[in-house]
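Structure provided below as structure tokens; questions to follow.
Labels A, B, C and D are assigned to the chains in the order they are written; within every chain, residues are numbered from 1.
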Amino acid sequence: MSIKKHVKLGLSALALSVSFHAMAAEDPIKVGILHSLSGTMAISETALKDTMEMLIEKQNEQGGVNGRMLEAVVVDPASNWPLFAEKARELLEKEKVDVIFGNWTSVSRKSVLPVVEELNGLLFYPVQYEGEESSENVFYTGAAPNQQAIPAVNYLKNELGVERWVLAGTDYVYPRTTNRILETYLKDMGVAEADIMINYTPFGHSDWQSIVSDIKTFGSAGKKTAVVSTINGDANVPFYRELGNQGISSSDIPVVAFSVGEQELSGIDTGPLVGHLAAWNYFMSVDNDANYDFIDAWVEFKGDDKAVTNDPMEAHYIGFNMYVEAVKKAGTTDVEAIKEAIIGVAVPNLTGGIATMMPNHHITKPVLIGEIQDNGQFSVVWETSSTVAGDAWSDFLPGSRDLIADWRAPMKCGNFNVKTGSCGASAGEQALADAE
Amino acid sequence: MSMFEQLANRDRVFEFLAPAASPVDVRHGPILYLEDVNVSFDGFKAINNLNLTIDDGELRCIIGPNGAGKTTMMDIITGKTRPDTGSVWFGSRHNLLTMNEPDIASLGIGRKFQKPTVFEALTVFENLELAMAADKRIFPTLTAIMKPEYRDRIDEVLDMIKLKTLRDKPAGILSHGQKQWLEIGMLLMQKPRLLLVDEPVAGMTEQEMERTAELLTSLAGKQSVVVVEHDMGFVRSIARQVTVLHQGSVLAEGTMDQVSNDPEVIKVYLGEEA
Amino acid sequence: MTSSQNWLFRPFQERSTQIFLGVLITALIVVTFLHLFMPQDSALHVSAYTVTLLGKYLCYALLAVAVDLVWGYLGILSLGHGAFFALGGYAMGMYLMRQIGDRGTYGDPILPDFMVFLNWQELPWYWLGFDMAWFAFIMVLLAPGLLALVFGFLAFRSRVTGVYLSIITQALTFALMLAFFRNEMGFGGNNGLTDFRDILGFNLRSDATRLGLFIATGIALALGYIICRAIVTSKLGRVSVACRDAEARTRFLGYRVERVQLFVFVISAMLAGVAGALYVPQVGIINPSEFSPLFSIEIVVWVALGGRATLYGAVIGAILVNYAKTVFTGVMPDAWLFALGALFVLVTVFLPKGIAGLLQKRKKAENDDDPATAQEATA
Amino acid sequence: MGILRSLLSLRLASLLVLLMAIAAPAFSQTEEDPGQALLANLADASPRQMDAAIEAIVNSGDPRARSWLDAFGNNRLSRNKDTGQVVVVLRNVGRDWTIADPLTGENLGEISRRELDRVNINNAIRGKLEGVLAMLDLYSTNPEIQRAAAEAMMGKVNEPVIEPLNKLLEQDLPPRVRDRLELAVAIYQLEQGDAQAKAEAITVLTGSLHSRARAALNNAVAGDDPAIAASAKAALVSIEQKLKMNRAAETLYFGLSLGSVLVLAAIGLAITFGVMGVINMAHGELIMLGAYTTWGMQQLLPGQPGLALILSIPAGFMVAALAGIAIERSVIQYLKGRPLETLLATFGISLILQQLVRTVISPLNRSVTTPEWMSGSLVINDALSLTLNRLYVIGFALVVFAGLMLIMRKTRLGLEVRAVTQNRAMARSMGIKATRVDIMTFALGSGVAGLAGVALSQITNVGPNLGQNYIIDSFMVVVFGGVGNLWGTLVAGLTLGTINQILEPWAGAVLAKIMVLVMIILFIQKRPKGLFPQKGRAAEG
């Protein structure tokens, strides 16, 4: 399948190089794609790699950027975190790519981060994450906690009158952080300690019997109860199955998930899940022509009528267009120039709004709450009136309350401490510089 | 590095300190003494009130039909199997039931298995080297050096067991008989006080047998030897004292002639032959 | 091997070791030269990327040697050596974390970032002392060594052998993986330890440091190889082989098999730890996935592929497989697993003794059934 | 709840028929169909106005009301952007959707989803709707529907329905229905009623294990009336007593079901590895093949997940068995007596199989539907209900095990297998075709792995990583039980499963698993050859 696609890509590139060969003379813009195609993360990341190939193909059909073709450089970090760093280095040093689109898990990003900073590359990261980070070389096109978790909780509280909360997550940094943020937030809203139940499970946890029955018991204390799920990828199917089988329906104890999108649902029999919720910044079911066009293109590209789109794919769509705009604006692919140019670049997203790149390298996104339907899609039941700007540093974490990020001159700092008025990390860098 | 240097230079010291395994006390009584030993493997009584004494320097043959408990007895003496009841003494000082295989071995009890087991990946020479009596703790072993006198001793034994030509060949390629020999050779290297030899001549040619017989008899006196064997001819050729085991206990004991005339024995054992 | 020389220098008299060290040292020199003195654009130039890559291979090679020592010569198939590797790595990682000091995103002088934003108040006791290099480096040996000592003591004393041993080593590393994934453990959970700045005052992001680490790894590999070689050529080495092939017999010769096993096992674990410690600063991250049983199995695969019970085979195997990985994941991202899988299958079927087997072929004509493996067959 | 949902979807299936049944000759073309207005009203309603809109439809007494509400409840109502006509979506997958006219029921064919404006429903409204529908169903003559409706009334009782309910209760009802309704009313009374009603309610609720009853009582305890609070507390205490027993039973059940999953995953390995000594790292992938076979079957027989599942039991076995034979012939037969090489080779094979699935089928998980008769749970009482899919899996595991036992003990093959594994040469000389036996054995082991896959497809992901998640556990179980001993595998699997589930509630999932692993390690110290050590020569060495 993917082989075939390569050929397809090759052919179109060929066709173009014929038609535009005046331009083709100029060497192409190399776009590194750093997504796992094997190992545990392949489930989620393969689609993103295909998305990028599609976007590049489309862009080339329109004659590329500034008359330069784009060329995808695909590598497989194989869901192995050290390998991510190594491959990033390979892309930047060996392949000399102009920009990298990639990563899904936080850990893979953390492992790539030092490399990208050292070699001064550009990385577009398309997945919702725990925040608490802002790098000069990384652009976060996925949701920060304030663009997903907080609004979802508000919805549950206000629309469904939820008073008792189960925060269930896989035991890694994203759920940990998100849950700590939510915990603080809920307590600030006057929710009692006793009305919050926090539970962590290992990756790929497949036996949910006792946890679900605990949730059931927790939910029978009288107050309306909801589950806020940061359960990751594979563990979701058995979790939802168990919910269904133990007879917990969305009208008893609704579950709002932050990591379950159309792609995950495509692997689940959604019959028993109707009415459970998810919070994203994009749903495939969004009723909007830009979106329909994107879906049609995707279906055609995959040659599969059932192919689904999801939030990280939209994030790549936005990120890619932003990069293209920035290149046009800067008239070059020089990293420094792009960094300058891209801040403030605004491109349409797929939900009928506009996404703008903020000075903290996060973007503005609408927040949508969707209910699972029996056709594996979400029906949007609530959305923010306007887009929300991503917050690199959460206001609900003691450590980061006072931190802001702004990569414009003169501040140019990812963690500026408004209390001390100094730039945390770079101060350290300075110290190091002096030391040497 | 320095740590290793240090260790490297310690070998001599070790040999120096190497405690001579506390001597077996045979001033009063036998070298090996089994009393009322019982063993049963889930229900089946393999050894049944076995009493046996071997005198210092004696050559004893033990015969008996299959399942009489010959091998099990050896397992008990060498510490591989623990009896349910009874006592096993080596000399009058060492209670073997309180010791494990290596201790018993280093006390000076050597054993040759029924099915010859040599280290097939190692050369004949190395097999003997490992068997050689020496300080067998970790660091002495790690830092051990091949002294000329050791080599001479090994060659000596190689002569005895007629494997000189195969000195540096891996033991894996030896014939069955040769393996038997090698294993006996390993016994000799151990300089044991007591040799337990299980079916030494299985798969040997006539003259090989004769040599074995000579060898074993020559050993007797210096060392005590216990031979378990099926081959009546062989037993006759070496036997002074014979013990007949039957269903885990001693049926008869005495010289070959006494035993072979014992009606009981004839019934259960020789009878089958005739 | 029957020389009367000091056991530590015995290896230098064997051709295999001489060749191995020769190749290794030349490689180190050549790479260093090409990296430093070749102009960036020349085809011969070795980029920092390649240097680090090679450094990583050498770490794996050392790890493979450690595994081959216990598997090849002691017959203990450890499916948990990744655990020792990772422990060494974490010890180093903790040191590197402490070196970050107040340069972390939150600028906390003591606490690593992940502790700050998981709201830890002070450093857990087991992190104390890791700001001192010497302490950390001792722990690199001690942590895996102790684990191996305790685990080995229990296992060998009660004479756990064959697959049973293999599977509990696997259980060990699996349990450790789960444990380190827990954020309560204070090792950074899934994200592990990363964002390292400098080691012994050298900036980790400078090419010079990289080259240094690469050379250090090379030396470590050489030393490790010599040590293992010294052990296997000593009488103890022959005793190990004896334990491997006929454990009971060895006991009846008066050797304390369990102690032999324990000694070699601990040495091997420490070597693995060193490999891990050198690995971490070069790849820039340590996280619990290094504990994953599948990784440990892969190590065994390298060894088997290179040729068991030769040590240099292990090195060849490790480097070859990982090089293949690097290439395939680049040139055929969708299909590289096919290639790798096929490689494993073909080698096992057509090169039973691995690549080293090929090299030895012209030497002694070996009897078909390798006693080394014959023993596990019955387990 | 599960039942109600399945009921809803069931109705949906019959929706088209229903619509057809009620053609609309009642109104001539000139006359405006009131349904039009009702639906338009519903479509335009803001969340606040929804209730009214729904009420209007219910009260209209229109025979088609039920079908409209069902469609609404299932998110199947849409509005045509151009014509503004409200339509029912019959098929809502893909880019073009099939729609029908809710009034006449005639099929309007396909239309691009771009043209449709969905009439959205959210949880809150759905909850109310379910109440309303349940209320309608209470009068149904079909006892099944009536019972389900009664169940659904729990906690959905409100002001308007309390009257009709009480009326209904005066008539004679099936005991189950009556009991449910009384409970439902009591809950309502306890929440809304006056002091005296509350007191009565509590007496009704005392001893009920239903979670909503507990919820109501809990609230009452928190309530301001001390007398009520006291008696509510008393009621709760008595309930708690009963609950303890149920919880224990539940934990045991959880343990058994997890255990049986482990047994299923491991039992195939117990043969290939335990009996043949092949360290089969591809075992997990064979399981995966079984699971994918189930998925394939369901693709072949759309709409009959049950039948597909049953068919995939033999199919899954065959597929995995054939794969097994292929592996044995192509690789393992060349590795006789070199078990560790088999580890290496099969590891390679597992990599290949995984990537094969990724490229040929998809890196994404596949969705395997759970047939009606396997979803939901077997209700023992309100507090204790056994999830059906796991109940089936437990049964399945036992059957498979019994089957294997028979084969190994009673059949010629079993005899030959044991002969060959004990002494190959001897068996050969007695005229047993060792090669054939090898093939058969490996095929058998692999096939069983396939069966495990079929079962697992009902519990967990069907994806490329399915195998990896079980291979480690499988080896643990086999070794813990004692290599080469099927009973050992059974006992080991169930034991580990149960222990894990007992630990989990107070240790948490991760710690529980770690503890179990440590336990295995320590246990092997005590019994170096597992629970049931293999006897005889084969075990030596």
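One rule holds for everything that comes next: a residue touches a chain if its C-beta (ideal position, glycine included) is under 8 Å from a C-beta of that chain, and two chains touch if they have at least 3 such contacts.
Quantities reported herein were computed from a predicted structural model and do not represent experimental measurements.
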Give me the set of chains touching chain C intersected with the set touching chain D.
A
Looking at contacts between chains, which pair has the highest count of C-beta pairs?
A-D
What whole-Å value do you get for the distance between chain B and chain C if each is reduced to the mean of its CA atoms?
42
Find the geometric centre of each of chain B and chain D from their Cα atoms only, then give the gap between the two centres in Å, rounded to an integer.
65
Between chain A and chain C, centroid-to-centroid distance (C-alpha), Å
36
Rounded to the nearest Å, the gap between Cα centres of chain A and chain B is 73
Listing for chain D: what residues touch at least two other chains?
354-355, 359, 468, 510, 513
Contacts with two or more other chains occur in chain A at residues 2, 37-38, 171, 200, 202
Considering every pair of chains, which are in touch?
A-C, A-D, B-C, C-D
Across the complex, what residues on chain C touch chain A?
47-49, 52-53, 56, 100-108, 114, 116-119, 178, 181-183, 189-192, 194-198, 203, 205, 283-285, 287, 289, 325-326, 329-330, 333-337
Chain C - residues contacting chain D, complex:
77, 151, 154-155, 157-164, 167-168, 170-172, 174-175, 178-179, 181-182, 247, 293-294, 297-298, 300-301, 304-305, 334-335, 337-338, 340-345, 347-349, 352, 369-370, 373-379
Residue set of chain D touching chain C in the complex reads 277, 279, 281, 331, 334-335, 337-345, 347-352, 354-356, 359, 468, 472, 475-476, 479, 483, 510-511, 513-514, 517-518, 520-522, 524-526, 528-530, 538-541
Interface residues, chain C side, partner chain B - complex
2-8, 227, 230-231, 234-236, 238-239, 241-242, 244-246, 248-257, 259-260, 263, 367, 371-372
Can you name the residues of chain A that touch chain C in the complex?
2-3, 37-38, 74-78, 80-83, 85-87, 89-90, 93-94, 105-107, 110-111, 113-115, 118, 132-133, 171-173, 176-177, 180, 200, 202-203, 397-400, 403, 414-415, 417, 424-425, 427-429, 431-432, 436
